[in-house]
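Each structure below appears as structure tokens.
Each of the next two complexes has chain A plus one more chain, namely chain B in the first and chain C in the second.
And then the complex of A and B:
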């Protein structure tokens, strides 16, 4: 049975891995374009975050193309933003499409996730099949994360950025084709060897910028993050540590040390996105990065609530912070202009010997 | 010379959580014998005090809340309570993110010294805030658990108001939305009063009793959005209610999500009003008048008889 989904970056590859493990398949979601964004803006309420509007635009586009079975992942855990578990909401938005059926996969824990899979595909699904499906999903999420981070670093460090882009493309294709955990392990080994062979620049990075923000926007590769990553090829080291991998692996045990790290700024509350962003910002400051870049979708509640807190953190640490809210009026030229100004500011500080 | 020791004065912002939980925190503090200073009703000065400090993207009620804290911070008050409402005891229903981060936002903005803030963590159930948060608040004030337990019964919500419409010659309008918008006349731009001036009877709570902060059956994860959906469904089934006005504060994500759903699923005429600081009173009055005019033909049944 074929499904469709929306793409936050490359996460659809992991969702497809899960479905293929169970004998089903997933259509590759369309790339984010202006027309898709406009379609989402038209069918969403104005206060929905921009990521949500992009998602709705992709869903509407694919429904118009005849797709009907929507598959999406959500744990419904404390990290769940308003976009999670919105099956009823999606049904009310797309009621005109006969046969539209949203299916949420995942659960608060493994047991819940297994029950959830059986509720969709029937009780005949064996436990071992479910385990293999989730192992494939998580393996792909982990490897996609690794490839993304390593290639972003290599864009700065390598003297041949076009080879980095080619390596990233091939790695994504191999991850998509890998049928299970063992094949993923082999792709991972191949990627490490290929990445190690790339020629490196002689000089260290001119600047180091730590990126924090909404996982959904940071995963968006087609336009927004393509612009951001473009600056890495100018010899600037970009680093971000969040992403879907963090959400997939978030549980109280992993979150506890991050919460402890953030306690001067964040009170105890059941949230994840803010905890990651705050903890990573504090890590970047401790590691003496030159600046912080906060990127989030306009209307994202956790990241909007975090914004004044990040401003306080940056003030306390005397580190430059640029907050970029990506919204309906997003324009690549404006984004590039603001980034260039920020980089000029960081370069001037560094040349004058100002350190955080 | 005898020095008289002034009793502890604790400030409570007359905003968000005060309305949401029917003043339970202020009542608890009073039951403990503490002098409670409630910030004045919202006005333009209070709002501007918040707006000046808060980033533009945060919602209208958060700006009002920060203004209330700023007003309290300027007074001769020892501590200000900014509770952190964490989650429903079932772990599946939450306040929205900015509401659960009120303390962090106030602290980060430097509205007042962190040492003056009291930030007990509360959980809630369908009846309201649970006891643990009150006990924690008492501990932060150096009051024993036993004294806190004795004060707890006095925090109970007062008997439900009866909004039963008794004058069926006037159109009856139900107003739904977050309590801190519906019950704060400045935040709702006097919408309730304006409706009454237009000759309407206004109800805000159903005759079946108060709807708790997280009613069952909506499947929603945000407590107040669930409450609004539940309230709207009750009013939709009530034959005495001619129309429903949904007050939606600007930039509220959860309520934005349910706005279209309510429009599509409610049979009673429904008007959604988005409220922000730039509201024009002329425009608001025109919309309310048009909505009330629209209700009149619907209230007249076949043969010209009123429903």
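And then the complex of A and C:
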């Protein structure tokens, strides 16, 4: 049985891995283009966050092409925004499409995940199948994150950025083809060896900038991250630790030490997204990065709430912070101007010996 | 040998500013004009006006800034293309080395830059709304049927506080209509709108920023005495409007070009720019699903460069892919 999904970056590869483990498949979602974004803006409520609008644009486009079975995975843990469980919202929004069936995979633990899978595929799903499907899914999410992060660093560190781009493309293809955890382990080893062979620049990065913010917009490979990666190829180290991976590793056990780290700034039931962003900002400061870049989707409530908190963290640490709300992925002129100015600012500080 | 000059060009959403700078970093000539949607014509007119004053000088360097900086850089063959925040900071520090806060309001952008010990240490720009910018004043002037240049004088004649909603230009217009119907004087409405713009600015770009004196107010909107007064009253600080407040971006760009130590400028001659039929065309790149809109520069019937796109295919930064614009 074929399903379709929306993309937050490369997360669809992991969702496809889960479905293939169960004998099903997934259509590759269309890349987000102007027309898809406009379609999402047209069908969404104006106050929905911009990431949500991109998602709706992809869903509407694929429904118009005849797809009906939507499979998606947004988060396995507590989340503050509607992206966490949008099935009812989607059913209401696309009620005109006969047979539209949205299903969010998840469950929090193996028991919950098994119940969830059986509700969608039927009672014949065995516990071992469920375990393998989720092991494949999480393995792919982790490896996609590792590739994304390493390649972004390599864009700055390597003297051959074209080879980095080629390596990233091939790694994504291999992860997509890997049928299970053992194959993923082999892909991981191949990737490490290939990445270690890339030629490196002689000089250290001119600047180190830590990126925090909305996981969904940060996962958008074709929009803001294309601009970010272009800057990295100019010799500036851009590092981010958020991403889709965080959302599937967000159980209370993993969140507890992060909450402790953020206790001076986050007090009352913060969302997963806020905890990760805050903790990562504090990590970047501890590692003496030159600046913090906060990127979030316009209308994203957790990240909007986080903005003044990050500002306080930056003020306390005397580290420059630039917050960018992405409200239209095609307004790249303003985005680039702000980033250029931020880099000029950090360079001026560094050249005068001003450090955080 | 003719004495050298450095040219700075700042083209934003509404206006085009051109400055010529001498060896002592003094402004020899400057122009400020509305683009009215015709960027090429505005740049040609601006350069012609400056060229009349400095015709006996040698152009030693040129830099462009503003939201049209890349396009204009291709048009004139600029040596440096820089962002407007850096350009404004450079200009402000050249005139007022002790400045600690820059407030700048342009046509559709507004920005705040914090300076400490002679370097910019923090900045912010408006995000997704133009309510705290010159566009607000343009709409106000249009609604009241008065030239935008007279708003400052009108605000100065206000005798009574009138509260105007400033969170959105559309809601502000509704509010102004209501205040007119309620019989408020136009001078009081204009002063109320100036305070609304300042409130919006400080709640958006100024939020959380440590605004310390000396405070400089830059940009074309700084000519409006009503806005300057509203800033001073709201902040409780003196707000200085520098002499060249309206061309500070172009001044800063020219300074950056001068201090770059350019050996031989790539800028085209002023005559070549004036006689050029340089024009932009757009097309959608067919090579992938991104469908990027690409700007193609055409001159004398030939493609001389490209701008735009999310990959390196059309990037003007890669000379092997794109012939240099000369």
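By our rule, the second predicted complex is superposed on the first by the 346 of 356 C-alpha atoms of A that agree within 3 Å, B and C clash if a C-alpha of one lies under 4 Å from a C-alpha of the other, contacts with A are read in each partner's own complex, and residues count from 1 in each chain.
The rule is short, and it goes like this: contacts are C-beta pairs under 8 Å (C-beta built on N, C-alpha and C of every residue); 3 or more make two chains touch, one makes a residue touch a chain.
This structure is a prediction, so every number in the text was calculated from the model and none was measured.
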item: Contacts of A:235 with chain B and chain C, given as first, second, both or neither; value: neither
item: First, second, both or neither for A:308, with chain B first and chain C second; value: both
item: Chain B versus chain C as contact partner of A:112, first or second or both or neither; value: neither
item: Which superposed partner A:325 touches (first chain B, second chain C, both, neither); value: both
item: Partner chain in contact with A:181 - chain B first, chain C second, else both or neither; value: neither
item: Which of chain B and chain C A:298 touches, first, second, both or neither; value: both
item: Chain B versus chain C as contact partner of A:205, first or second or both or neither; value: neither
item: Chain B versus chain C as contact partner of A:274, first or second or both or neither; value: first
item: Partner chain(s) touched by A:48 [first = chain B, second = chain C, both, neither]; value: first
item: Where chain A meets both chain C and chain B, residue numbers; value: 298, 308, 311, 325
item: Chain B contact footprint on chain A (complex, rising order); value: 45-49, 76, 78, 80, 82, 84-86, 88-89, 92-93, 95, 265-271, 274, 298-299, 301-302, 304-309, 311-312, 325
item: Of all residues in chain B, those that touch chain A in their complex; value: 54-55, 57-58, 84, 86-87, 91-92, 94, 96-98, 100-101, 103-105, 107-110, 119, 121, 219, 221-222, 250-257, 259-261, 264-265
item: Residues of chain C defined as touching chain A within the complex; value: 67, 82-86, 109, 117-125, 127-128, 207-208, 210, 288-291, 293, 310-311
item: Residues of chain A that touch chain C when the two form their complex; value: 30-31, 33-35, 222-223, 226, 298, 308, 311, 315, 320-325, 327-328, 333-334, 337-338, 340-342, 344-345, 348-349, 352, 354
